[in-house]
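Paired with subunit B in one complex and with subunit C in the other, subunit A is shared by the two complexes that follow.
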Partner chain A sequence: MSEEDQQVPPTEEDVKGDNTPINVKVVSSSGEEVFFKIKRSTPLRKLLGAYANKVGKQEHTIRFLYDGARVAQTDTPKSLEMEDNDTIDVMVEQVGGYSP
Partner chain B sequence: MSTSYPDDGHRDCTLVDWHPFGMTRTCVAKHLLHLSTLISSSQLYVPSLSMQLLSTSENIVEVVRRCLKPLPGEYDCRFYTRTQSRIKLLCRLLDLLSHLPDIETSLSLCLNQHGVSSDSKITAIFHNAHLLQQYILKTRLDLESNFFYMLDAYPDKSAKNLKLVMKLNFETVGIGRWLDDEIINYFVTKWCSQSQTVLGLSTFFACKFLFRENACIHAKSVLTSEDKRGVQKWYRVAEKAQDLKEWDCVFILINQNWSHWYSACINFRHKCINIYDSLCDVCLDNRARPVQLRKNTNTMLVLMWFAKTLGPMRGEAVHLKDNSASAWKYDPHTEALRKCQEERAEEEDVFDEDAEFEESNSMKEKDVSSSPPFHSPLPPLTSGATPLTSTVAPETPGSLMLRLYQLPQMDLAATAVAHSYLPASYPYRGSTTITIVDSQDRIITVLGRVPQGASDASWSDTVNDLMQAIHSCKSTSTFTTKESHPQQGHFTTRVGGIGYGGGQITLGNFQISGIANQAAFSTLLIHKGMWWIVGWTHTLFNAYGHKMYMEYKVTLQEHQARNPSLQPTSPNMVFATTSVNFGPRTETHPHCDTGNLVHGWCAIITLGDYNPNEGGHLLLWDLGLIIRFPPGSTILFPSALITHSNVPIQS
Partner chain C sequence: MSIISQLLRFAFYSNFVRTLQKLVRNIKPDDIARLDPGRMLNDSLIEFGLRFWHHGLTISHPQLAEDVFVFSPFFYSVLEANSPEEAYKRVKTWTLRGKIQVDIFSKRYLVVPIHDRSQHHWYLAIVYRPKFVLPYHQASPTSPNPHASGESESMPVEVNDKDSDVAPRTRVCILDSLGGCHPQVTSRLSAYLRLEADAKHQLRDTSDAVERYVRVPLQLNQTDCGVYMLYFAEIFVEYLESSMSAPESQEDSENLWDICRLQHYHRLNQYRMNMTQNFLKTKYCNLISP
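On to the complex of A and B.
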């Protein structure tokens, strides 16, 4: 009946529902929330791009953190074992130094 | 009962043949074996090293020097890695050799037990080993200083090398570029993972959990159970990322206002919390301040909370609050901290969230928004009491003290009550000083008297002359729209001194446009009458608010020391700015001077010829007071906190 039934044999990933989209909440430090729907296999890099675009910032100036760990370019919701309605913290670039 | 180790332990020692030392006791042989293992481990770094060599060589340093060939001096692409690996090698070697003194002590103990004073071969070995250790240490230090010198001398090559070493092409690595979070986090993770004992947290930890804002300036004063859960989660992630089994220290990086990096370390083994800030100014500045005003005090409090939160994860309870018996030590910048924390704890139980920290009790979470602020410059006044009462303070003869109670509803009616009450019973005639205090006898406002000598002709002449000078300054100067129509009301004003106003991004002198305008205003500021009035204001300020006076003074002095071009309006001035309101009839709307120091006092002095019963009153809206303001008198009050305005004088 459904598509899955027609696939023979179903791979393990399909059984887990690999590409079912999940909801991800991106929260800024001031508490503003933006919701995204993203496939589990989509790299979070794309989410970062979309978010930066939405808030009008350059991509390299913002950082995504998932439970305190920096989200790498190649990470996907699947690789981070994210669940539906999980939260990503967004932080801005920090710099410091001395100018003589 | 008591075991005397040497006697009992050495009774069973037998003689064995131990090459190359010949017949020796088993206990000695055990330590010699240890020594020999150590030396064979060292062979990994210096292949020619052996027991034989150590016991016979006349010039061990020369032998080792031949093994460790000097590195090529030029700064090529392999300079960084080559020098680093050599430094590492020497460090490992030094690590190994650091066990020597222990072995030497144990050996001489054993030899003594068997009546042997010393063994020439063993002595020779240790003598050579010490020489070796000194030589290696010196080589390492030389190498390191040369290494850092080269890195500084060739910044372009260093930047290129750093990118190669990090294997990540960070955009922000470069000459003259500031360090960003990517680089800092990279090295925190790298070095902490190597250390095996230090847990390094991301640079975003501080701004998320410890400070109120991303700029990391104000440490949090209220921490919720949500914060605690977050901290625990981040901690677990960091622990997992670094693959640490056990750790002693937690290392926290703080980025202050996107311009300065500093760090803090909580050391559970040595039981201490340190804040490492490279800015010397901050340290010196802190020492001169009272504990509550020091930059790091609130940060230290929040770190104490963090230490307490982490304690259970290490299986130990850390109680720092109200615990003077605790063995924990804090940074010397904030040594008087515990006392200060106890004082605060009485006022507000900020850091004690354990009682409600349970999942099932999450309903009890503290509501951050409704929590009172940490520093309450004006304490809550007792409610529901008589609208206004006053007492004469017996300890200060000749002055009056008004005790304020909170008016049930601070509205016009209440103000009217105060108005009708105050002038009738306690007219402020300017002949006595009146202090207005809160329910805890803290002085909020000083209604300063006219100075004693004011009735003298010389005073009145000088003040009259000053008024003339003010008039002439106004008539000879031109004013900008902002000066002639300020937001606060209908009058003309000119500001002199030091501040941030007028769009300045750094602290600087207020600029007045036009040479003639500048000259006229400077002449006015150095007028003798102005000096007299400033002097009297200082006397009042110092007498009734000594601590605050000193804070003003020290702060201004420090700013001037840092930037000698800053010029206050007159020498020895403690106020940073002086505004002259030229009138003709100064009239202000209710306002707060938001640019002023929040907990500080501002002094207002009136001059002129007017009837104080028929105008010129100062209205303190938040206190519900209308104050008669005779010419020549001075009022000190927190102008940034209390909404104030004044009534125009009669025309």
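On to the complex of A and C.
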């Protein structure tokens, strides 16, 4: 378990006071949890980068899912209407053809 | 068509386009390169392929499109990796579409792409008429779809099954281009449906789904299972829709693929090429509205 703060420069949202950080739990398919603190306007791809770094995986092999739907590059907690203590599921790329 | 149903259809459609465009934004050049012959498809392409097909149905067969629910390629992986209760906790919200709860029991077809990690293999499960796991004659209580609630009267009831003399049963149809045996799939999906019925409809007395292996053309190489899987989803749902029953006999299944045998190999070759075009269409053009 760990906690990280995403540091981003203040935006217009900050000035309006609508950008308080929320806590997000990232859970792997085997149930390991990593906690992050992230501002509502920060693109979740930054979280994905931080997560990939932490677990030593390449970014392009990792998928973030929120309510089972893929998180897009440009999604933010605000655009997904995420709430404090919400969970993001992290999955690893699946490739199939048939290799015996 | 009433204004409300038009609005519902519009909401359904725009959710769709948003989802597709989001998927496309996540697809990288590395993924696209997997559409070349001889390469294996990954989860991003599988999800895009299924959702693009589903999107096409909203235009060509709007009623059928509303009866189909496509699960994420990771859905079954979560069911497989955890106990039923633990898995359900994790996928409970996966039936939300843009914050709107979808009642999966109001759908006729649940499309579940399955990834076999140990064999690096894709195959498909289609849950046919999931509402039949609910207590007998209990149509989905929150179903907004009049088609679904009137179905038990208007559709032929399947009574041929030896273990169901009276009640029609939910079928889990398994389509595997390696012809593999997957006894755990039906029990895991049944457990999921049981927990979903309990959580979303407070219905406890559910019955288990019945397994059906569908005879399908087998893949001829070690790379095409993903393409076969997408192809099976398309053909099989259309078949079920037109025949209104799951194939009961070996003969039924053979007829199913006989019809398209001539086009079969041609279509598979085309499939990879079409996927590339579909991707570009979604990325750069506005999708046509129904």
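Definition applied: the second predicted complex is superposed on the first by the 80 of 100 C-alpha atoms of A that agree within 3 Å, B and C clash if a C-alpha of one lies under 4 Å from a C-alpha of the other, contacts with A are read in each partner's own complex, and residues count from 1 in each chain.
One rule holds for everything that comes next: a contact is a pair of C-beta atoms (placed from the backbone, for glycine too) under 8 Å apart; a residue touches a chain by one contact, two chains touch by 3 or more.
Values in this document were obtained by computation on a predicted structure and should not be read as measured data.
Superposition of the two structures on subunit A shows subunit C clashing with subunit B. In the superposition on chain A, contact is made by A:R70 with both subunit B and subunit C. In the superposed pair of complexes, A:H60 makes contact with subunit B and with subunit C alike. In the superposition on chain A, A:S29 makes contact with both subunit B and subunit C.
Of the two partner chains placed by superposition, subunit B and subunit C are both touched by A:G96.
In the superposition on chain A, A:E81 makes contact with subunit C only, not with subunit B.
Ranking subunit B and subunit C by residues of subunit A touched puts C first. Once the two structures sit on top of each other via chain A, subunit C runs into subunit B at 311-319, and not at any other stretch of 311-319, 509-517 or 617-625.
Once the two complexes are overlaid on chain A, the subunit A residues touched by subunit B in the first and by subunit C in the second are 29, 60, 63, 65, 67-70, 89, 91, 93-97, 99. Residues of subunit B touching subunit A in their complex: 171-172, 176-181, 184-185, 201-205, 207-208, 213-214, 233-234, 237-238, 241, 255-256, 258-261.
Residues 19, 22-23, 25-26, 28, 30, 34, 39-44, 46-47, 71-75, 77-78, 81-82, 86, 90-91, 93-97, 99, 115-117, 119-122, 178, 219, 221-226 of subunit C are the ones touching subunit A in the complex. Note for the complex: subunit A touches subunit C at residues 27, 29-31, 60, 63, 65, 67-70, 72-75, 81, 89, 91, 93-100.
By the touch rule above, subunit A contacts subunit B in their complex via residues 29, 60, 63, 65, 67-70, 89, 91-97, 99.
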